[in-house]
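Each in structure tokens, the structures are laid out below.
Here come two complexes built around chain A, the first alongside chain B, the second alongside chain C.
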Partner chain A sequence: MSNVNNAVREVRRISAMAQQDKWLNRVHPLAKLGVTVLYIALAVSYTANEGIGLLGMSVYPITLFVAGDISAADSLKRLRAVLILVCAVGILNPFLDTRPAGHIGSITVSAGVVSMLLLAFKGVLSVLAAYLLMATTTVEKLCSGLYSLHMPKLLVTVILLTYRYITLLMEEAGRLQQAYALRAPGQRGIRPAAWGSLAGSLLLRSMDRAETVYESMCLRGFNGAFRVSAGRMRWSDLLYMIFWAVLLVLVRLFIFQ
Partner chain B sequence: MHMADALIVPTVAGTMYAASAAAAVYSVKKVRQEDDAKKIPVMGVMGAFVFAAQMINFTIPGTGSSGHLCGGMLISAILGPYAGFLAMIGVLFIQCILFADGGLLAFGCNVWNMAFYGCFAGALLIWKNIMKNGVTRKKIIAASVIGCVATMQLGAFSVTLETLASGVSALPFTAFVSVMQPIHLAIGLAEGCITAAVLVFVYQARPSLLWGIGTADEDQAKGSKGRLSYRSMLAVIAAAAAVTAGGLSVAASSFPDGLEWSMEKVAGSSELEADGGVYEAAQQIQDMTAVLPDYSFKDTDTVLGTSFSGIAGGIAVMGLCIGCSCLFRFFKRRNVKNSH
Partner chain C sequence: MDDMYIKIDSLSFAYGRYEPVLENISFCAKAGESIGLVGANGAGKSTLLKLIVGLELDYQGQLCVAGMRMEKKNLPKIREKTGYVFQDSESQLFMPTVYDDVAFGPYNYGLSGQQVQQRANEALEQVGALHLKDRPACSLSGGQKKLVSIATVLAMQPEAILMDEPSAALDPGNRRNLIRLLNSFGQLKLIASHDLDFILDTCERTLLIAGGRIVRDGPAEQILTDRELLESCGLELPLSLYGNRVRAGQTAEPAG
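== the complex of A and B ==
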């Protein structure tokens, strides 16, 4: 139950942040998306031999957190799940790759330890970059940006509809789960006999809702797709994109190498 | 099973983006052909349903733990493979951008591992074949469990390949696979049971909602038109083989396989030497006949050679498979004629 409520709260918090009227929020969604994808691609391309260079890549998130007036503390919560996954994959590296890679004082650091730390740091940087994108760009703007990149309109419409109904259906799932928990105190999860009826009734209600949604959309002139527009890219947006692209490539090529 | 950005390198990410994009474009084309505007809101709401249902924890008997739905098989049993695939892309996209569940760069990998197998393999190969001669409660349970287990295994295997091709884990292939597959077997079984329970409930309450029900007669009337023809199937397999052999082989070829790794640990070298006339003669014949020794052009070691070897090998294997199939079909027909 609590994870449903937490998820709903998180969606609302991110949406509210993205809708603020700050300079970073006003940058064209495609410019921000392009920089984010380039940043993540450059960050994950570091190998164990050039691991120290990855420190230079932290210039992007630090600058945006400070200049964009975004709370870094909220983003750290997201790191938990990613770090667990990344560490689970890299946890055996220190045991399997024991070649010495360097020394810190009198302690020899193995190549496996370096590769595991590098993996974790890459995970942190890529999550922070994605968080910065979402904290400053609404899903609608992002989808309109993707549409201007010739993403099929059908797919954009499906993503937008899914996003609009997520909070509604999550709240409904939360209510169902709460009602079940009140009738079965002390029980963890839903017992097998109720699996079908509980999730099934949510599904049937969702389908009924889809019918109603379709009818009301038709009444408002829906013809199979939403009208989405990301607006024109201004010179300042282009400058933002070029500045970060050049800076990040320079950092990747020359800093701490 | 959501992959993070840190687990892959840009080349693997790009290859998987291309593969997933091809499947998405094909699905968009198929859904457009259906020309059913009503289906679009259903896809959106079903995507939101899967998202919400993933939040509900179901108790797994005898384990003390709980599991949740992944949704690929469930959504394609309601919407069909193509619309289901697009709805799953929507779910994965929202999970990626709002909850950092799966990376932005790894999005192509996640779509392939979770949506492609769940919707295409699950619906077209498993659900459709099991429901071919009518739908029953038992068939729904069988299709759900087999579908979820099989698609989860395929997805987990892909995660292993993508991670190893990216070179982020020091774990050898065999050890990685032996960890990943059993865990996902248990997860697949749990998901299969939950999916079966939901689909059986839907079947009893509103059977017309299930994909393929009520259209069996239409499908028969259409003959083979509605199905994926052998030619199309071959084209799909050929494209998948070319992407895997030509693209992934470049990233994967620098790592020793499980057998080489074991030999290196036991004997200190992955190449074992053997003396004697028979071995030398066999070696000479192999040197003369091998067109692409060690997966490269002769006397060179280029990336192009590795890709070419992968594609050429794939074509040779496919030719052999087609040849054997034709041979079997020839003998089968002859046996049927003789028995008449």
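== the complex of A and C ==
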């Protein structure tokens, strides 16, 4: 199966996970969004001197993996490309900053190595937090949460439609790639001479499908704004938010400092 | 003529500056009728359906639906009463779950949460797909997608249902199921197809279209058994009218 089709399948899997009827999925989207934003803000606020404290922040993703019955192995496999990219962000730091920062046994560790590891760990934790939010909340619910925060309707609708149309684009790309591969046996990838025509074809086909979807929406009364309700925030949702906010701030301030 | 749900008089339409796709189309359809729109590929069937739901507005002639002239200001009211089932069900199903998709229309027309829920459940039950309500649309089979896309339209409680090639890509069992379902509907049905057996099973009246014009308008059995007429329009007799099944290497002859 082609990479594009694999990607479409992964998007659908995550979407299916978000639609499950588990307690974590039932938590109000705003509560989960609030905790995720706070978590990422706290995680990225660690400095090189506090690096070890970042380990304490792992409590959030680990708890959610366990409590939400989400496979950590599958998730890491799914996110491997992003995680590699995130880890590579500080790859030049060891060469740029060679000042000694400490010792492990007889080995001197440079400040560049420490900052690289810190950057990588911050990145991994932030990506995991965002992934856990997506794996337990549908985009529609997230957007309805944003509506209730009085975000501009246009912006929220653009987010929703982008998510919807990206899947269409990926599906069309997968079909094109398959059609090409079936008539180019033994060829690895797509030869550069065909890129232009395939990209043009992809654009036209995606626009065609997107237009049909849009027509279908208009025929059922769509007037530019989605009406998806995230429901009312309950006491349990509020407790969830307060619990994590207090715990994460405590971890940030006191654990491993 | 006032009880006519669809009134079309001298309708012509072209996409941009290209050759006209429809020319001088005139017909009326009253509530409760079942009308088959048959013609070869490119005859203009789908375009005609799109005009009737206002997906194309740049037409010439008279086009009235549900007592309203087809123009931009009347679109919301016309579309509330006139459902359209696309040929490609996947384009019609875009929400995360089947239920969300079926509820999409009623929500947009401002019904209360309870009314939306009732309508969505009723529509799904009517097509026998209530058990699929929590499933994502992408996980459904082709037949299930077709049923759900019909439910999305039924949830709007339309007075007319327009369908573009509804039997395309359905297996015999799902096709039979769809015929039974369509025959149970009391609304005006306008079904565009070149599956003539399907039209014969679901419609009492047929409009035969060729080259963008209505060639014949009359009882389905009369038009769909006229071999010469069908062949002159690029079609063939429905398979069910053949005495022998068509097998490889065997010439089929019409019964009787």
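Note that in this section the second predicted complex is superposed on the first by the 211 of 257 C-alpha atoms of A that agree within 3 Å, B and C clash if a C-alpha of one lies under 4 Å from a C-alpha of the other, contacts with A are read in each partner's own complex, and residues count from 1 in each chain.
As a convention for this text, a contact is a pair of C-beta atoms (placed from the backbone, for glycine too) under 8 Å apart; a residue touches a chain by one contact, two chains touch by 3 or more.
It should be emphasised that the depicted structure is a prediction, and the values quoted were computed from it without experimental measurement.
Engineer: Per the contact definition in the header, classify A:Arg164: touching chain B only (first), chain C only (second), both, or neither.
Structural biologist: both
Engineer: Of chain B and chain C, which one touches more of chain A's residues?
Structural biologist: B
Engineer: Touching A:Leu219, do we find chain B (first), chain C (second), both, or neither?
Structural biologist: second
Engineer: Of the partners chain B and chain C, which touch A:Val86 in the superposed model: first, second, both, neither?
Structural biologist: first
Engineer: Look at A:Gln177 in the shared chain and tell me whether it touches chain B only, chain C only, both, or neither; answer first, second, both or neither.
Structural biologist: In the superposition, A:Gln177 contacts chain B only.
Engineer: Return first, second, both or neither, reflecting whether A:Gly102 touches chain B, chain C, both chains, or no partner chain.
Structural biologist: Neither chain B nor chain C is touched by A:Gly102.
Engineer: With the two structures laid over each other on chain A, which partner does A:Arg12 touch: chain B (first), chain C (second), both, or neither?
Structural biologist: The answer is second: A:Arg12 touches chain C but not chain B.
Engineer: Should A:Leu142 be classified as contacting the first partner (chain B), the second (chain C), both, or neither?
Structural biologist: first
Engineer: Quick check on the superposed pair: does A:Leu204 touch chain B, chain C, both, or neither? Answer first, second, both or neither.
Structural biologist: first
Engineer: Go through chain A and flag every residue that touches chain B in one model and chain C in the other.
Structural biologist: Residues common to the chain A contacts of chain C and of chain B are 139, 164, 209, 213, 217, 222-223, listed in rising order.
Engineer: Would you pull the chain B residues touching chain A in the complex into a rising list?
Structural biologist: Residues 2, 4-10, 13, 24-25, 28, 31-32, 37-38, 40-49, 51-53, 55-61, 66, 69, 78, 86-87, 89-91, 93-94, 96-101, 103-105, 163, 168-171, 193-194, 197-198, 200-202, 205-206, 209.
Engineer: Looking at the complex, which residues from chain C come into contact with chain A?
Structural biologist: 53, 55, 76, 79-80, 83-84, 86, 88, 91-92, 94-97, 100, 104-105, 107-109, 113, 134, 136, 138-139, 152, 156
Engineer: Touching chain C in the complex: which residues of chain A?
Structural biologist: Against chain C, chain A makes touches at 12, 15-16, 18-19, 21, 138-140, 164, 209, 212-213, 215-223, 227-229.
Engineer: Mind pulling up the chain A residues that touch chain B in the complex?
Structural biologist: My answer: residues 3-4, 7, 10-11, 14, 36-37, 40-41, 43-45, 78, 81-82, 85-86, 89-90, 92-93, 96-97, 112, 115, 119-120, 122-123, 126-127, 129-131, 133-134, 139, 142, 152, 154-155, 157-166, 168-170, 172-174, 176-177, 187-192, 195-204, 206-207, 209-210, 213-214, 217, 222-225.
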